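You will see two complexes here that share chain A, one where it goes with chain B and one where it goes with chain C.
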Partner chain A sequence: MPDTYIARSTAIAARMLGGEMMIMSAVDSTFFTLNEVATVIWQAADGRTPLAEIVEQRVCGEFEVEPEVARRDVEQFVSELSRQGILLVSDQPIAEAKPGTAEAQ
Partner chain B sequence: MMPVQQSQGTHDVAVEIGGMPIVLRTQDADFRTLLEDRYVGFVRPSTCAGSFSFDVDVMKPERYVSEQEELKVWLEDGIWRLERGDFRAQWDPRIGRGRILQALSPYAIDSVLRVVHTLIQAPQGGFLLHGASAIRNGRAFLFSGVSGAGKTTISRLAPPDVILLTDEISYIRREGECYRACGTPFAGELARVGENATAPIERLFFLAKGPNNRIDPIETSDALRMLLRNILFFADDSVLVKMVFSSACEFLARVPAFRLTFYPDVRVWDLIQ
Partner chain C sequence: MSLLVEMNDKAMKLGIPLSVHLDVTYRCNERCVHCYLDHDDKGEMTAAEIKNVLDQLAEAGVFFLVLSGGEVFMRQDFLEIVEYARRLLFNVKVKTNGVMIHEYEARRLRELGVEQVQLSVYSHRHEVHDAITKLPGSLKRTIDSIRFLKSQGLKVTMSNVLMTVNRGDQAGTHALAKQLGVAYTLDPTVTPKLDGDTSILSLRVEEDNLDELFANPELVGDVEEFCAPPVPPDEDVMEGYSCSAGHTACYINPYGEVFPCVQFPLPTGNLRRQRFADIWYRSPQMQEVRSIKVKDLTVCSTCSHAGTCTRCPGLAYMEGSMRGPSSSDCEKSFHRTGIPSANMLRKAGMASGGSLIQILPMTV
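So, the complex of A and B:
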């Protein structure tokens, strides 16, 4: 199985507010709030780190969850955000987004 | 009423909302009168002219200038274009100038001004909000909500010591780390132009009607969702979307937001001090 890579879309605005990650699509203004685990995945989505590594080191490393359960949940999450255009998914490393375009700081 | 400058058949009227004067230049004396009546309290001498101006051409009232009934706003070659059945306008934010072709109607110029002010405020962290606002004891309070939430009701119930800024569209400016509410002439069902005054914002309330008066805390994510729903936002432009999102987040990081449930009588104002 090839590695999977994920990166944050540049067509979004995101902000950590009140301990929660809030994301809005710049395309259709859809609004999302991520929970704690989803926020960790979101922050790790740099386009260079394989998804399997994110699951193993960030999700399983920081939360009490079985690897198989974590993998399944993360895949579902990534699939959902990809469908919404919030995350980019590829079997190749994804080029780094241009500064200032990926996330509102 | 403030005098207006007249030269060579041209009438300049500066309408200042949120401390931002916009000069409207027209050759139509009836339109000038309309502006002075519609924006009473917000008209300034045109000699105080700021950075923004529009040349306005007035069409015959029976003629629509566009088939576009819904307001459409888009950016094309660096110029904002606005279009609706009763007006067509363009504005170049780089030089602060534009043109308006419109019917002799206060609604058309109202809409243009609302859009232009949102575009002016967006890069500065400010915004226009569906909401009433008022000043009490030198501090401003915002009351936001969709149609029917109680914006006009709470405005109508305001005691005499309250300065009503608007019952419909609030104007929020950012000044450093502080946010100020400014009066607007954009009236709702109260049909009363707001006071042209300003004060630092103390609290944001999201309105709901109920059997009694109470203030409840609200989750930040809920506050952001409701705030974004009520910010006036006209254009499908990704840069603008990011600016508005950022402005809303910055605002909520500095101004506490609550849910205000109220029974429609004057006692609700006992909670707003």
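So, the complex of A and C:
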């Protein structure tokens, strides 16, 4: 199984508010809030750290959750945010992009 | 309750400035007859200073950032400022007259992920719009820019201010917005100039125009609901606040001065000398604004409209007291519902020379 990498889209607005991450898609103005666990995954989505490592070190390491349950929940979460276009998913590391650059389009 | 309302409530409880309106310049290429600004540059912040302010705003938790002016594109570094703001992941809305937006500017705004661009259009007729902006050819240039922005897929809003000089053109301007495929907003509010000059208030529309406006379902939605008599204010209303100014929102002018709102000229500090967080959390003026609940309002706390009025504390401040009524909002509440406000009744009582204490003769 190849590693999976996740990176935050730059076509969004995002800010922490009282422990929750607020995200708004710049494409269709859909508004999301992420709970504490989802926020940890979001913040770890640097495009370089394999998803399996994020699950093991950040989710299982910081929250009391079984690895298998965590893996399943994280995959579902990643799939949902990817479908909304606010998280990029690849089997290769993803280069960091900034709003307005070619990679961000 | 929508997620956005929930977030706003949460920001209110935590004292987070969720929204900031930042004017990057007061310079402008138009000279609108109703404008409340002085367009001379009195030493506006440099791009480096603005970037530093943006860093502080992001740190304070600001999510919604309105970049406005003056005309924002009078600054040659405006797109650099937008780019920096977007790197900090603000939700950015740009207010502009659009006359300097061409294909390149429209494309960059889209590439940078700007949420929305709002342009001012005062009439569908060139002679009326251009007479208001005092810039010949301005309506054509603004419409051209709307087309550039739309072609990039950007969300565009056309905003109109209803005044005596364009009151007959509302329907035509709305039709123009529909034709261009953009959202449309109409505001009958004309505010005094920031230096206190009230001469431009003569541009405010007459009462008949407000009645007509509030009975137009295309503008207000469900007219019956919009014009419904006010529900008597309950304890939640009395313990609440009438506006987000100073609670979850504030305004920063091009010189780094911070105010509770763009329409509330109470200076609370200057970012050239102070940190944003120090002003937001510790300025005595900001704390005073924040302390005022509906129950503390001198006249409005006794008004039947207290729970539904659009009372602007900034306009009230300009009228004499931030705890007092804002007469133009009293008029709106009255024309919306047909029920006079406590302030209107008070003024009518004073005008008729009514005595302060009414004594009923005792009957024996």
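The definition used in the following text is that the second predicted complex is superposed on the first by the 98 of 105 C-alpha atoms of A that agree within 3 Å, B and C clash if a C-alpha of one lies under 4 Å from a C-alpha of the other, contacts with A are read in each partner's own complex, and residues count from 1 in each chain.
Operating definition for what follows: a contact is a pair of C-beta atoms (placed from the backbone, for glycine too) under 8 Å apart; a residue touches a chain by one contact, two chains touch by 3 or more.
Because the structure is a prediction, the values reported are computed rather than measured.
Student: Looking at A:G18 after the superposition, I want to know if it touches chain B, chain C, both of them or none. Which is it: first, second, both, neither?
Tutor: A:G18: touches chain B and chain C.
Student: Applying the touch criterion given at the start, work out whether A:S29 contacts chain B, chain C, both or neither, answering first, second, both or neither.
Tutor: It touches chain B and chain C both.
Student: In this superposed model, does chain C or chain B come into contact with more residues of chain A?
Tutor: C
Student: For chain A, give the residues common to its interface with chain B and its interface with chain C.
Tutor: Touching chain B in the first complex and chain C in the second, residues 11, 13, 15, 17-18, 20, 22, 24, 26, 29, 31, 33, 104 of chain A appear in both lists.
Student: Can you tell me which positions in chain A touch chain B when the two form their complex?
Tutor: Per the touch definition, chain A meets chain B at residues 11, 13, 15, 17-20, 22, 24-27, 29, 31, 33, 104.
Student: Please give the residue numbers of chain B that touch chain A in the complex, ascending.
Tutor: Residues 219-221, 224-225, 228, 233, 238-239, 241-242, 245-246, 249, 252-253.
Student: Which residues of chain A touch chain C in their complex?
Tutor: 10-18, 20, 22, 24, 26, 29, 31-33, 98-100, 104-105
Student: Spell out the part of chain C that touches chain A in their complex, as residue ranges.
Tutor: Of all residues in chain C, those touching chain A are 3-4, 6-7, 10-11, 14, 16, 18, 58, 61-63, 83, 86-87, 89-92, 108, 111-115, 155.
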